[in-house]
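Quick one: the structure is below, questions incoming.
Each chain gets a letter, A, B, C and D, in the order it is written, and its residues are counted from 1.
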Amino acid sequence: MATPNLDFSSDNAAGVAPEIMAALAAAASGRAGAYGADAWTEKLQRAFSDLFGRDVLVMPVVTGTAANCLALATATPSHGAMLCHRTSHVNEDECGAASVFAHGGKIVPVDGPLGKIDPSLLKAAIATMPRGVVHRSQAASVTLTQATECGTTYKLAEIAALASIAREASLCLHMDGARFGNAVASLRMKPSDITWKAGVDVLSFGATKGGAMGAEALVFFDPAQVRDAEFRRKQAGHLLSKMRYVSAQLLAYVADDLWLRLCGHANDMARRLAEGLGNLPGASLAYPVEANEIFVKLPLGVIARLKAAGARFYEWEWALAEGADSMLVRLVTAFDTRETDVEGFLAAARNH
Amino acid sequence: MATPNLDFSSDNAAGVAPEIMAALAAAASGRAGAYGADAWTEKLQRAFSDLFGRDVLVMPVVTGTAANCLALATATPSHGAMLCHRTSHVNEDECGAASVFAHGGKIVPVDGPLGKIDPSLLKAAIATMPRGVVHRSQAASVTLTQATECGTTYKLAEIAALASIAREASLCLHMDGARFGNAVASLRMKPSDITWKAGVDVLSFGATKGGAMGAEALVFFDPAQVRDAEFRRKQAGHLLSKMRYVSAQLLAYVADDLWLRLCGHANDMARRLAEGLGNLPGASLAYPVEANEIFVKLPLGVIARLKAAGARFYEWEWALAEGADSMLVRLVTAFDTRETDVEGFLAAARNH
Amino acid sequence: MATPNLDFSSDNAAGVAPEIMAALAAAASGRAGAYGADAWTEKLQRAFSDLFGRDVLVMPVVTGTAANCLALATATPSHGAMLCHRTSHVNEDECGAASVFAHGGKIVPVDGPLGKIDPSLLKAAIATMPRGVVHRSQAASVTLTQATECGTTYKLAEIAALASIAREASLCLHMDGARFGNAVASLRMKPSDITWKAGVDVLSFGATKGGAMGAEALVFFDPAQVRDAEFRRKQAGHLLSKMRYVSAQLLAYVADDLWLRLCGHANDMARRLAEGLGNLPGASLAYPVEANEIFVKLPLGVIARLKAAGARFYEWEWALAEGADSMLVRLVTAFDTRETDVEGFLAAARNH
Amino acid sequence: MATPNLDFSSDNAAGVAPEIMAALAAAASGRAGAYGADAWTEKLQRAFSDLFGRDVLVMPVVTGTAANCLALATATPSHGAMLCHRTSHVNEDECGAASVFAHGGKIVPVDGPLGKIDPSLLKAAIATMPRGVVHRSQAASVTLTQATECGTTYKLAEIAALASIAREASLCLHMDGARFGNAVASLRMKPSDITWKAGVDVLSFGATKGGAMGAEALVFFDPAQVRDAEFRRKQAGHLLSKMRYVSAQLLAYVADDLWLRLCGHANDMARRLAEGLGNLPGASLAYPVEANEIFVKLPLGVIARLKAAGARFYEWEWALAEGADSMLVRLVTAFDTRETDVEGFLAAARNH
């Protein structure tokens, strides 16, 4: 039996799915047009249009930050505001990049339970920025994270409710889908139903966390919204000269539903891990586990034991309250997490 | 008896104090060096150094937004964060300008009662931005508004408490003194005591609201913090060619304590108006009136009566709750508010 | 007889015309709406529409840099290029501000004799930026300086030729009219004929150098081109709270052709000075004197004599060539230059 | 015998060297720290320090534009200027990105023969930006392209001469080494000798054009110059989560002098192709062929023949002069160019 790998620190710590490595190897030699004028990138337009059931424009980039920021900046002037969940990557983990890409556009965090924007708080935030009042930043875009940074998923009705608010205020609706595959695999819905049909204008379709080497697809559902995104990509240094290697990853990722199998597996492992941890004395899950992230409050003794066993995960609190005997931690599974890894982790937690 | 002027909409609606007009007229003719190389601007350095009891560097500009943004941007890189009160001008009334001047630096609102930043919330906000973690914007500066946007003032101990937190985290401490004169006149303290001696690094010393035509002094207490502020001022189009006319306003404003007389008078009028309004049946002051702004909840009937009488003031709520019978309004007095104006307003409110 | 004033350093060194001071004094007291909601600013729209014979949108600001940068940034995205003459203020004297306002848009200098853009060089510069090629900045705007930085003026046919090139390439045509009054007084043409009728889209109409205290009118000839200029002005800190005082200056400046009298007088003084200097042995004018600036090569002995007499002017060369016995200097007249000043300067130059 | 590949459009059109694909495959599976906290990235610091004979800081990115812009922006404030050759990628092929990264810093092109900055023109350009004059952008950095965009190389003495000018003016000296391997292979000098020992502060060490998939190393020779580059990389979306795959490419590229073999081969093919083309009747080389690019003026008949044969290359003139019978074209070889490709191209050109 294989030695369990106890690294649950991040899906970014995972490697590359074999199918994607094979696609890169297949594209390795021979000449191809530079800067996207290659057969892979051309084919990608078709593949994603098929995937989403309508003609879309896809721009391959290599990081989620680039995808998110290009999407938001395209829709947000320097006097505009980008509304996002307080826990979103845009607000908390991208070093203010969206504001830099939007030349000073304002990041406005909105709260809501389970990592999801609360519709009434979104409305209230928009209301503080009356249209045309030059003293106030003007609401320009909203971004939803799917799956959320709490490991939950937005349900169709939740997306539609927020989309309706965005549409009424003429805001661009962006979806940060760094873990879009995990959400789709979890919701078991068609990608179209929870994106453009629900009112999403532009999607950061992540593949890196799902099993690619470094590939994200910026998907514009409405060509009119693309505006100057291609110039912005070039200016940001995100137009890769040998772009075929990003496109090849994305093609392999979506071919034959590979992405749903990879992400579905990660979700399965997360659910199994969550069940095991939830049964530990003194442990409690912070949120329902609907994708591949687990937020769980663990007794300090369990944490110490896990660390001693070499397990890796993030402590999710900057500081513990005086006298606290447990702590919130985050565990992430990936396409390459094995049952043996889950079992090994649980065994270490249980200390037997 | 003069007809009362019922315009209490803003101190920005006031005119120019006669002493300041006289100073402008005195500077009207003759040649002077351009772009600040004139006798007035030179004298200004001396006048402000005397006023604050230490050598300071003064940069005259014409708007509070320019002063605030130049101060903050000088201390805040594009990956930095500027912490301010949620109700501050920087957050709510400058269209995100600080972020544009700081090339994407993030505006982070912090709450607290009476328009003042709560020290524990400031600490908590800083703690979310651990030093050196590239994923997070880095706290770089804090700005206090004195007097606050609620018409209150920071007391010395309150400034010192926040300054201590800022210093510990190596943040630049800025004071937005658009109504600094009102605060000083109210607190009856020396300008030095509630600025650099209390830990303030840079001050937007406002004169426009106090009675100037358009003049604000950006005061750096520590020359080392000035950095590239002069280049930034030029780049922002805020280096006036005939700068003597901004400097002349500022010189007249601080000469012979004119500023304290003008602001003290506005404060007196506000207090008198607040007393009268506070005694109206159904009315209640939202905050203590410590400067020249009054926030008062008035019965809708009173509001209607005042409007019918031609009174001007701001309704301070975007929307009224269902069934509400009163509303928060803001009234502002200025150097040119007369007792007769206050009496006239109260009479209209009382309807007799 | 009055002592001559030998300061010919700049029209920015001049004071304020009495008519403009009177207008400021007249506006000094009383209440008025803040941020441009005042009677002066409203009247300004009418006054400038009359002046230009069509409905225009006027935005008052206090510096030429602000006017130029707001005009150009409104028309130029971050991947755009702003074409200007190499000697233009935008290129040489505004510290790259246009690029900052345009969030990275590129300043592209174009050459041409007498301070005027050469049409064939403009065409060639545009040709290096093929439309739609993401690797290249995209030409977005052209700016002409009228009068030029060489003290010459663009003639109608010259403007039309450049406008035709701009129109064909879909570029916005801006005119930097810091000395627009000098140009109009010199050309003796209607303002409309050399602006919008000739193809100019937006004008920085300067008044400061002409005799105002600090007032420039940003004039959009086509409302559709204004776009987000008002938000940009606010964000740049250029929306003055007591805007009536900028508008009042502009109203007085254009009332009863005051501006043309003031600038016409400055032009006359310049011509007279140029004639006197041109007759000095060893002196030679660098450009025809068509406005209020004189560029003249003077023998070093004359320069030394003038300096000894206390005269002020700019030496226009960073370094003198080895063995050079003369140097290019710049002299500027203003509305307040008197004949006695000109005579005094010439006498000092002639040493008798 | 293999069919010749007649695609000489760009080294960006080439694939990935087998050794680099092997390194990627070897890194494909298993867990590793995200965002650069992995063994490959750690090893990279050592490998590049060895390569350059001193401790350096290496930041892996995926495009040359990102490397160049991060390097320049780190050294250039918004009021700064970046001096570069007129033909440089920074000036002509990155859509003004350096200015966006530097928040408005100015790109100032300087001329010189053979794609190299002329020292006296560099001095003259710097002299137009006197230190401390707020009206002028301030020279902050210089960038040299090695090998140049004309297919030539800077010789040691040429670098030293420019470095001396940069140092005297306190400018940061950057080298754009998108084709650094071609330059080193051509010059047969140690990397250290033509970089930091010659005065270069920071290097964009390109691997993509040399045979990597998408990998560039931003090399800081002086840790003090790194400043906030890591925050800037994050903010630009260039901090890859699975960074091991960029680092692995770079490690393989420099291991056992692979880079010099790959680039040396490309240079050889270029020289051979140039010899053949130079002997064609009516053809003439525009520049000496010192790296892997050939600029050659070809008779139009030859060009037509080559196109008919399916050859690919860039026509290097936007428009042909009236009556011209030849045109400048650019050919680029790469690590995977074979002798048979060169022979095939020459045969097609000769039409036999």
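Just so we're on the same page, contacts are C-beta pairs under 8 Å (C-beta built on N, C-alpha and C of every residue); 3 or more make two chains touch, one makes a residue touch a chain.
All figures in this text were calculated on a predicted structure; none of them were measured in a lab.
Interface overlap for chain B and chain C, more than half of numbers shared or less than half: same or different?
Result for this pair: same.
Which chain's centre, taken as the mean of its Cα atoms, is farthest from the centre of chain A?
Chain C.
Let me have the rounded angstrom distance from the C-alpha centre of chain B over to the C-alpha centre of chain D, please.
Spacing between the chain centres: roughly 52 Å.
State, to the nearest whole Å, the distance from the C-alpha centre of chain B to the C-alpha centre of chain C.
34
Determine the centre-to-centre distance between chain A and chain B, using the mean Cα coordinates as centres, and give it in whole Å.
42
Would you please write down the residue numbers of chain D that are in contact with two or more other chains?
35, 78-79, 94-97, 100-101, 103-104, 134-135, 231, 234-235, 239
Enumerate the contact residues on chain B facing chain A in the complex.
78-79, 81, 92-97, 99-107, 127-128, 130, 134-137, 318-319
For chain D, which residues count as touching chain B in their complex?
It comes out as residues 35, 77-79, 103-104, 134-135, 138, 228, 230-235, 239.
Over in the complex, which chain A residues touch chain D? Could you list them?
These residues of chain A touch chain D: 5, 7, 9-10, 12-16, 18, 21, 24-25, 27-35, 61-67, 69, 94-97, 100-101, 208-209, 213-214, 231, 234-242, 245-246, 336.
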